[in-house]
Amino acid sequence: MKIFGLIAVLVVGALLLSATSDFPDWRDKDSPANKSPVSSFYIEKTEKLTKVPNMVTAVLADYRGYDTMFETVVIFIAGIGIIAVLRNFDGPYSSSIRRENNDEGSGLLARITCSLILPFIQIFALYVVAHGHHSPGGGFQGGVMLGASYILLALAFGLSKAKGYFSERRTMIFAAVGIFIYAGWGVLCLLFGKEFLNYSVLDSLLPGDVEMARSHSMLIVEIGVAFTVTAIMFSMYSNLSTRGRLNKGL
Amino acid sequence: MIWQFDIIILIFLVIAAIISLRLKDLLGASMVFGIYSFLICLLWAEMGAVDVAFTEAAVGAGVSTVIMIATVFSTKRRSKD
Amino acid sequence: MTEFSFIPLFTWIVSLLAVPMILLFRKRPDAREGVTFLAAFMKLGMIFMMLPLIREGKILHFKFGEILPGIPIEFRVDGLGMLFALVASSLWILTTLYSIGYMRGLKEHDQTRFFCCFAISLSATIGVAFAGNLLTLYIFYEILSLSTYPLVTHHGDKEARSGGRTYLSHLLGTSVAFVLPAMIYCYLKKGGDINFTDGSLLTTNIDAGAGLIVLLAFTFGFAKNGLMPFHSWLPNAMVAPTPVSALLHAVAVVKVGVFCVIRVFTGVFGIELLEKLDIAVVVSWIAAFTVITSSLMALSQDNLKRRLAFSTIGQLSYIILGVSLLSDFGVTGSILHVAMHAFGKITLFFCAGAIYVAMHKKYVSELVGIGRKMPITMTAFAIGSLSVIGLPVTGGLVSKWYLVMGTAQSEQIALLVVFLISSILNACYFLPIVYRAFFCRPEESLYEGGRQEAPLACLIPLCITALLSVISFFNPSLFIELAELIIK
Amino acid sequence: MTEHFPVLILLVPLFGALIVVLLGRERPDQCWVTSLISLGISSLISFFTVIAVLSGKVQELRYRMGGWPESEGYEIGIELRVDILAALVVFAVTLIGFVNTIYSKTRAEAEVQGKVPFFYALMQLLIVGLCGIVMTNDAFNLYVLIEITSLTSYALIAMGNRRAALSSFNYVIMGTIGASFYLIGVGYLYIKTGTLNIDDIHMVLGQKNSWADQSIIVAFIFIMLGVWTKMAFFPLHGWLPNAYAYAPSMTGTFMAPLMTKVMVYVMIRVMLWLFGYKFVYSGQYIWGELIIWMSVLAIVAGSLLALARTDIKKMLTYLIVAEVGYMVGGAWLGNVTGQAGAFYHILSDAAMTFCLFIAASIIVLRVGDSRVNAFDGLFRKMPLTMIGFTVGALSMIGLPPTCGFFSKWYLISGGIEAGQWEYVCALIFSSLVNAVIFFRIFERAYFGKISGVKEDHFPTDSDANPDIRIKEVPWSMLIPLFLASGTVLLLGIMNRSLFEWIQTALKMMNA
Amino acid sequence: MDPIVATFIEENIVPNFNYWIYVILMMIGLYAMITKNNLIKKLIGMAIFQTAIILFYVSVGVKDTAGIPIISHHGSEHHQMAGLSSEAGSTKEIHNKIDKDKYANPLPHVLMLTAIVVGVSTLGLALAISQKIYKSFGTLEEDEILNELRPGGHD
């Protein structure tokens, strides 16, 4: 087995290395990928068409928004997939919400530190979501940070306390609603008579002109992504850390 | 855009990857994998892919390490290889 | 010349329509058999309706649907198909009568299933007889194989199952393995149609090697013709009840095999092309080998039905041999032999079944002096064996005469010798039975009680078939006429 | 309205999945109804899409996501592209999903206790992913959708027993390797062409005439390896049999017919649309012959492995491996007949695999034994089920009225046209082996001793044995079975028109 | 560093170094996925494998002389001052003409965001499955699991 694996790996590596021979140089600004009309269109026209200086956000949420919707769906699938595989529901459904006497969680110092920094983490996460147009970040990164803040809460104060804020039912609703916001916004464009996710028709709905309509729609879409990612990150952690029993954390 | 950094980080990457795969203690392996993710996040920041770096910092070094450690805690810690 | 007509379709479908009725009357045997009779007579009636048209040289023709590009489901009634359909459907009536006597006499189980499968297989046989292109032929051929499987394995015990396994594996395997690719090859070669019009492959530039391979693929692929080395399903299928052996393995199934081969020779390749390529002689030598070998094997069989089976293999190879001579007399003779051998052989099977019903004897060695107990049966047996051997006052002589003429016409003296040797062998394995049945002293057990014939339902059909094979000697004109329609 | 059909096909099940999750665990019946409705609507829409594409007004539907126009001849955004082939496959996918939902009504309750909504959500998302794969015209979007289908199938399979979990883990490893290889291939294409739209990549490769570039060849090899891993082409089939055999029955019934077939479609798509006839079939690369031989190997090995199995579902899964060999070989024959035959076989094989899996699951459920001798005497006990099973089996063997015969016909004609006799022989061999396999089963079902019936001389005689009880399963399982077997026959009957549509569509690409 | 060496490296090593390392990382990950015995180790290998591919994609989009793909106005003004101060137009013009060599290619970044998400989703799901396996088999070593299945007839 090991030998077979080694041979296979070596063959694959040899193929790939042989292919690198006729690649354009690394950092070459005239490589086909870099001077192709597509990427130059993104770089040159983005700000004019969408008023979003962060091209990555623009491409992510507008030009290839269809991809990003499915990216969110992938996260969603992972979340409900983990529940479907691992979760074992014992007793009535509501029992997973009930508060236990939390002898869990970590020491006093950690709790105090967490209670001090958690607000800042969450505020920063919201900032990342909202400011993704102008700076690195966006719905996904912000969502992950928000979810991480809840994970931190669970680590410090025990899972049951965290579940008090973010029960399982609520995580599911949040996750579904996030995609609802995203896809629903696209369907709104459909209802206005243009293609799916064609934000430009919504300028009648949103303040500002067509470009601002695109920009605002991106913000809304990113918020949807943030909803889903936050919920799923937390439910991932809470299921994996308790073998799907959701009774007490690490 | 300094290629010296680039090369150094790449070399460290390979080392981190090998270590994390050779450690018999799965907890340690997960830790080293976190380091690996952090290194690669540095690499991307250095290559100008700030969004990717941000995401990797949040996901790779953050969440995926955490869930991996969670799994290690709830299963066995030592592995045979 | 060819005219459109619905009659072939009705002829094909009538026995199919009988099936639900039979299922409906499963609890009332008389009504059930009544339905079967009705269907059989209607079928025969329609065929007689078509007969005069065919004799005028018309070709009835019906097609519907185009299941593959350029290939419809197509019925096309010409002399050959007419003759075969005539024989099969007329003998179906007799067999139905006979099987009523047999099945009830032995209190067989699952008679409903038996009659259903019988009806389906008959309609499949008619479908083969009237098929207008290779695909239709193939489809009905497969349906026939599948629908006869329950009949062969009727008893459901271990022996029957193994027999059925051999049966299905041989027939299905060869047809899928050889016929299908050969058929597709012809389809591509001809550019999208495989109808039976004379010399249809003649238009294409096919060379001798490919032609030989395709010809052999067809000849072995239609393994129902019992050509060696794919013959062993036939003796194994003798585990079936005797009516099944009688109709299917003396008339329908095996004759379908040789019928397909005749179609391939006359319809797909065409005599001229075969003469041009000069490849048919290979087939004729394989057939000759089969004739001799099977006759020798038949000599050593003690089970009566197995002996009949081996003799069937030999007689079928007569037909293939005759058509592979490519001479007018040869082809006519082989087509005639389809009918004549049918009459003779079904008589023999009926007699074997009657003996089994009356005396529960199935081995040749037990038949010493049985002539005293069942004279009528054994007389019919004698006539049938005369016909199969090809001796006068039976129709067998006519067809064999034509076959011998064919060998002479195509200067194949060696094959002529084969015919003579095999006739002697046939005599060797039939006449002793008749002789010992009548002229030897039986053991005492056979003295008490007077004559002990099988029930009338069994007796009447075998008398009729024996009579038919005598009549067909004095008045074979109808068959000859139909057979010669193919030649010109 | 017509121009929005492609995206609606995707959106309806997507929203259906969300609603199902929101409904939650307390209302399994409403979950079932929701997914039934959503998949029904989606399959209706896809049916109308087929009509629209056939009606000739629009040869193919192109749908620009976000409505971004192309600049300098390059697509900026993501584009959907539905021609007749895609429309047919999408219709098959949605229809099978819909029918399988009917089947799952009773099974889902029984097999995934308390997780019904998640099952239905994952199932609908899997349908979304498959439809997206078929319709998208963007190489990277294809990757994302492949991952969606993979993740959903990992989860769906792992919902089964412990064996299912283990095989699902192997599936995760193999599937990730496959998808990542595909991603590598796309990356190599991107670094050479600078675009991700399939048509644009094809155009750029044609312009630069960079067919012979090392990296393009490597890209092709890796994309092929990835796709083959996902479709369980013979040497890479290791994950498939256990995964589909141990998955919950209602999962296996619709995953077995769909996943491999859709990946075969992706392979044909990549070969003809992305790289193009000139590159794939040009004589300068040896892979043509090689892959034909590999497919021969796949067919023979798959059939023999299936012959060696006594477990029904295992046997069927190995038959799938053999069928994949059929399609890969047919697609690589290099003539339109072969490609069209392979494509027609995608549809017919989906139908007959669906039929056989449903029948097998019903039998295993009712008899409680997954080995072949579960079939003893079933023609008497469950006649309706056996009728459905028989239709599927005859089609698998390739006997005339069913669609299996016609797909074999086209594939063999393609093989003869291309002069690839080894492929023809492999096809015939496998159909002979299938005949052996299935007639072995029929014999058992026909003569096998029925448990609980007094042993008389004729165990199969219903007249003599009045105490044989007919025990069929509820209609919610029989209706899907009959729909499937009816589809098998229908495809066989209307094969000609289907084949001509497919042929015309493919001729355009090969020109 | 010695300039000659530096130039040598810059000429010959740098242009393909990223690609080499990506291939090496990918081989490491693939080898671990295929041959490692522990399921968690397999998953770590899988994560490394995926990050290697991401590394490849990101390396494709890199340009020297290019910064992050975020348009920063004062940055471009700066460039205006420094470079072609001759036509110091209104900021509108400056917005209109954007030198695309100043910004990295954003497309690979977008694709890789998606790829990272897919990676973490796969990882989470696979971890869940491995926990289920541990729950029913009591171990995460592949050979032990197979040994336990052996009497059950594993093929």
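Labels for the chains are A, B, C, D and E, by order of writing; each one numbers its residues from 1.
One rule holds for everything that comes next: a contact is a pair of C-beta atoms (placed from the backbone, for glycine too) under 8 Å apart; a residue touches a chain by one contact, two chains touch by 3 or more.
Just so we're clear, the structure is a prediction, and the values are computed from it rather than from any experiment.
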Inquiry  = Which chains sit in contact with both members of the pair subunit A and subunit C?
reply    = D
Request  = With centres defined as the mean of C-alpha atoms, identify the chain lying farthest from subunit E.
outcome  = C
Key: Higher-contact pair (C-beta pairs counted), A-D versus D-E   = A-D
Centroid comparison with subunit D (C-alpha atoms), farthest chain = C
Note = The distance between the C-alpha centres of subunit B and subunit D, rounded to whole Å, is 38
Message = Using mean CA coordinates as chain centres, what's the gap between subunit A and subunit B in Å?
response = 20
Query = Using mean CA coordinates as chain centres, what's the subunit C-subunit D distance in Å?
reply = 45
Remark   = Note: subunit E sits from subunit C at a C-alpha centroid distance in Å of 75
Ask   = Going by the touch rule set out above, which residues of subunit A reach two or more other chains?
value = 16, 20, 23, 27, 31, 33-34, 38-39, 42, 54, 56, 64, 67, 71, 74, 77-78, 81-82, 85, 136, 140, 236, 240, 243
Ask   = When you check subunit C against every other chain, which residues touch at least two of them?
value = none
Ask   = Hey, what residues on subunit B touch two or more of the other chains?
value = 1, 3, 50-51, 55, 59, 63, 67, 71, 74
Ask   = Which chains touch which?
value = A-B, A-D, A-E, B-E, C-D, D-E
Remark   = The subunit D residues in contact with subunit E across the complex are 140, 144, 147, 150-151, 154-155, 158, 162-163, 165-166, 168-169, 172-173, 176-177, 180, 183-184, 187, 190-191, 196, 241, 314
Query = For subunit A, which residues are in contact with subunit D within the complex?
reply = 15-16, 18-24, 31-39, 41-42, 45, 62-67, 70-71, 73-74, 76-78, 80-85, 87, 89, 93, 169, 172-173, 175-176, 179-180, 183, 186-187, 190, 194-200
List of subunit B residues in touch with subunit E within their complex = 1, 3-4, 6-7, 10-11, 13-14, 17-18, 20-21, 26, 29-30, 33, 36-37, 40, 43-44, 47-52, 55-56, 59-60, 63-64, 67-68, 71-72, 74-76, 79-81
Request  = Write out the stretch or stretches of subunit D touching subunit C in their complex.
outcome  = 398-401, 406, 408-409, 412-413, 416-417, 424, 428, 431-432, 435-436, 439, 443, 446-447, 457-464, 493, 495-496, 499-500
Inquiry  = List the residues on subunit E that touch subunit B in their complex, please.
reply    = 1, 9-10, 13-14, 17-18, 21, 24-25, 28-29, 32, 36-38, 40-41, 43-45, 47-48, 51, 54-55, 58-59, 61-62, 64-70, 104, 108-109, 112-113, 116-117, 119-120, 123-124, 127, 130-131, 134, 139-141
